[in-house]
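You will see subunit A twice below: alongside subunit B first, and alongside subunit C after that.
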Partner chain A sequence: MVQVNPGFIDQVGQAKTFNAAACMNCGVCSAVCPMGIELLPRKLFRYVLLGMEDKVRDNSATIYSCLLCKMCEVNCPAGVHIAENVRTLRYYLYK
Partner chain B sequence: MPLPTGDTIGILADNLRLRKSVLPIPAGVATRWSRGLNLPRGGETVLYTGMMYQLIPYIAAISKAQGKVEDSPLANFVRLGRMINKVVNISGFMARPARDMQVRYDGMLVGIARLLEQAGVEFGYLYEEELYSGALVYDLGVDDVFAQHAREVYQTFRKKEVKNVITVDPHTTNMLRSVYPQLIEGYDLKVRSYLEVLAERLPAAGSAPGGADVVIHDSCVYARYENIIEPQRKLLAAAGINVKEPRDSGKFTLCCGGPAESLFPKKALERAAIRVEQLQAVSRQGVTMCPICLVNLQKAAGPDMNLRDISEYLIGRQA
Partner chain C sequence: MSDRRIGVYICHCGGNISDYVNVETVRQAVANEPGVVVAKTAMFSCSDATQQEMIQDIREQNLDGLVVASCSPKLHLPTFREVARRAGLNPYRYTQVNIREQCSWTHTNDHAGATEKAVRLVRAGIARTNLTDPLQPIVIDTVPAVLVVGAGIAGLRAAVGLADLGLSVYLVEKSPAPGGRVGDFGAMYPHGKNGRQLIDRLVGEVRKRELVTLFTNAEMVAKSGTIGSFNVKIRVGGKAPGEINVDVGAIVVATGFDNYQPAADEYGYGMDGVITLPEFKKLLDDNAGELEYNSRQVKNIVYIYCVGSRQQDGENPNKYCSRYCCNAAVHASLQVSEKSPRAHQFHLYRDVRTYGKYELMYNEAREKGAVFCAFGGDEPPEVVSGPDGKLKVTVRDLLTYGEELAIPADLVVLVTGMVPAANSWLTELLKLPLGQDRFFNEIHPKLRPVETMVDGVFICGTCQGPKNSAESVASALAAVSQGASILKKGYVELEPLIAAVDPQACDLCGDCLETCPYSAIEQDTAAIRINSAQCKGCGGCAPVCPKGAINLKGYTDGQVKSMIDALLKEI
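And then the complex of A and B:
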């Protein structure tokens, strides 16, 4: 059973800068991730957009594993601000 | 069990809030590199170390201790450690930096200052008034503590009537040049890496011949956050170094793993080993331009590779 929080995207403070909706789910980010993180960023951003707050919290270790190295970002065809999105989620989790 | 993320971040953020650095070190240690250089105090243009090079020997010592705690029952005591740390600086007990490492990293700063002087750049230094930039706490998403600290750093520059800041590492460059302006209204500092400052003062003569083959490791932050890719290559070529590119380089450089060091030391080392393999496929001599990259890659490479900071190569060719 998945619980959905429709207001989650708004609760992720600084939601204006959280541009995950631009993600086309192509998977380039996962393919080039030097940490080999399959979840980040595409699946994670879907969890946020769908309001699956528990799923995001369950994956906090993965969120903090991200190097913020932007290898995904320079390869992203949709121009998603992946590193800043991940940092925004960290802010939300720590709060 | 792994290190508890919330409490580990909490210790770092508490340190920044209470002691103005994620890893507080004595002012005498932070400024020791400048002894005998007779750098003016303050001025319109200052060399700002952001304490990154000075912190590396401490980070290496802490990382060693963390590696023992990670995946052991001791990880359960990190919460208690955070409570104690609010009263007493526990990192002071955990971190015993290696003396030879301190001498080497201090020497890099001396080299950078001398390179700037030789290039005819006039600059001062803030000595014990210089503060850490807050980069790690920003990366970890503790924005409230970071924003307050950033304002304090900026006020220090304002108080000293600083207009131009020359930075020495990519993380500090990114904080002062790209992050602070988003947080601080009226931010007016002109921030440049010493690599940019030196590169624009190079004579147009081009490359010096006959140098050694050295593989370059670009910092992610310089390459992808600050678009600093060419200055280091120009400087190395002019110093007679034959720069070799690894498989992933420039804009598409592969991270050293260092940013994971504070929370996941083992993962950081695994990533570094992958990068070292790429570098060693090209040359056993390597050059870095970020102290975090240097320490993390060297740890993975061991004695099999000679990695040096770019300042060591540049000053070495001028001696």
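And then the complex of A and C:
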């Protein structure tokens, strides 16, 4: 059972630089990822939207393994700014 | 031998029939049946050329009976009756024999059998035609007035529409004021006007029209008569109670729906902070500023969708989707975003059905931060009260890979749907058929969506099934045009294929009275009579009569016996 933490949503999920509302969970991002990172970004964004702080922290190594190549972003049918979102998360984890 | 002059046409239906049934064999087998003077085959009987040929044959050969062996009478009975009429032959001397659905399509692996069956069916059709009498449609003069039951958005709009077509309207509302459910609604999508404003506007339109009489605190308590000419008794309560009798040509039922009321403890209903969608919408309308519930600020809202809709088990489950609730909940969620921009909103749904233009509303809600989680129908969320007294909703979210979530909630909104309004007295009074979902049933969901099995009684709005307000108004206007199409003509024509009592044979035993599902049989001391406008020609009464005094016109005992003899010929 994962506790949803609304405070975490406020800190990250609703930050101006993070926007994953348009994500519809299609999975194109995972399919085109040259690193084969399955987590990124669709799962990860769900964790953020739902305030699942522990899940995000558990995956910090994965978050840092992203190349920021934007392969996912150019292929995203919903136009989510994936690389920008990942940067925001890194900033948050670093803090 | 017969002195009738019957024309018989066996149809190939392109190859639909002739690929399996040897139509020439059928033609030869029936050409010498009693009464047959013309026996032909045709590639497409329904084609203009063949219709012309039939008309020519009827006129030149002086035919007094017509048989077409082709497809289902549901498809072309009216076509060939019209052919007969155009040729000067009484349309009720026409018989359609269905050798496509009943022979070629059912016996594709047995050509000989299909052909033999076709021969027998056509012989039976000829036998029936030998005994046909010319019949005339029953003509009933109509009263140019309509009773509309229910003054919600559908009933009000229907009343305005009917009045604009020049028909008098008696609009009957059982509550003290018109408006129905929409009258209680706050801001509505997409224009943002609230329901009350919409209703006030409609009521204003109603008041402008002298042809509309609105009765509030009123109910229809009795009905007699038939399509075109009903007599209705209206009981009016309130300050000046009394009863009024009115004559109307048609009745429009617009009695609406009830909100689903969750059972005690269904998703925690009854706990402080667990409310239904209508209760939530009222809360929104009553809160001018930031959303509060019981004087507590509301920061986290969890919506649970499909409560009382799409049920899979239990007694009489509501299997249908209530259609409006996804849109209403998402719309409410957007209102929350405006009133309390920092509130967190979690929507736990089974499937989001914000169809059509409402999709934009759904996108907007997500962009404003609402999170949607999908649960499986077999794994509904649970609402629990924690040790601190705070509500918590647990759910397995299919969009987060089956992760089990525990979401803290200040308010849990049960997105409840529609159920049929409790008005069994009306069902009983009008003898309206109900569907499996217990809403009123139309004759055909696509082609005859506002007509009922009871001629002259129309349904519209949510008494027929879940609809949003726009759809309710559209169906109300459909009922207007259907009702007016009867009444503006001034008369209705009904099928004459109804029961008839032979007064010589009838001994007034009355056994037939109870067999009639349409209350069309009347008895007094002198005779038993069939109400020709009410009888549907179902034939339920005929076999019950111990004296054989009841016959169904077009299907008399004599005709049915001769058909059986023809079916069994040479056996």
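Here, the second predicted complex is superposed on the first by the 93 of 95 C-alpha atoms of A that agree within 3 Å, B and C clash if a C-alpha of one lies under 4 Å from a C-alpha of the other, contacts with A are read in each partner's own complex, and residues count from 1 in each chain.
Just so we're on the same page, a contact is a pair of C-beta atoms (placed from the backbone, for glycine too) under 8 Å apart; a residue touches a chain by one contact, two chains touch by 3 or more.
For clarity, every value in this text was computed on a predicted model and none was experimentally measured.
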item: Clash or fit (per the criteria above) of subunit B with subunit C on subunit A; value: fit
item: Which superposed partner A:Arg87 touches (first subunit B, second subunit C, both, neither); value: first
item: First (subunit B), second (subunit C), both or neither touched by A:Ala22; value: second
item: Contacts of A:Lys43 with subunit B and subunit C, given as first, second, both or neither; value: second
item: Touched partner set for A:Pro34, first subunit B, second subunit C, both or neither; value: first
item: Touched partner set for A:Cys69, first subunit B, second subunit C, both or neither; value: first
item: Inter-chain angle, subunit B to subunit C through the CA centre of subunit A, in degrees rounded to a multiple of 10; value: 140
item: Per-pair minimum CA distance [subunit C against subunit B, superposed on A] in Å; value: 23
item: Residue ranges of subunit A in contact with subunit B within the complex; value: 34-35, 60-61, 64-65, 67-71, 73-75, 87-94
item: Touching residues (chain side subunit A, partner subunit C) in the complex; value: 1-4, 6, 9-10, 13-14, 21-22, 25, 43, 46-47, 49-52, 55
item: Contacting residues of subunit C [partner subunit A, same complex]; value: 299-300, 342, 344, 346, 363, 366-369, 371, 373, 394, 397, 399-401, 403-408
item: Contact set on subunit B toward subunit A in their complex; value: 2, 5-6, 9, 138-143, 220, 224-225, 251-252, 254-255, 257-260, 263-264, 267, 271, 274
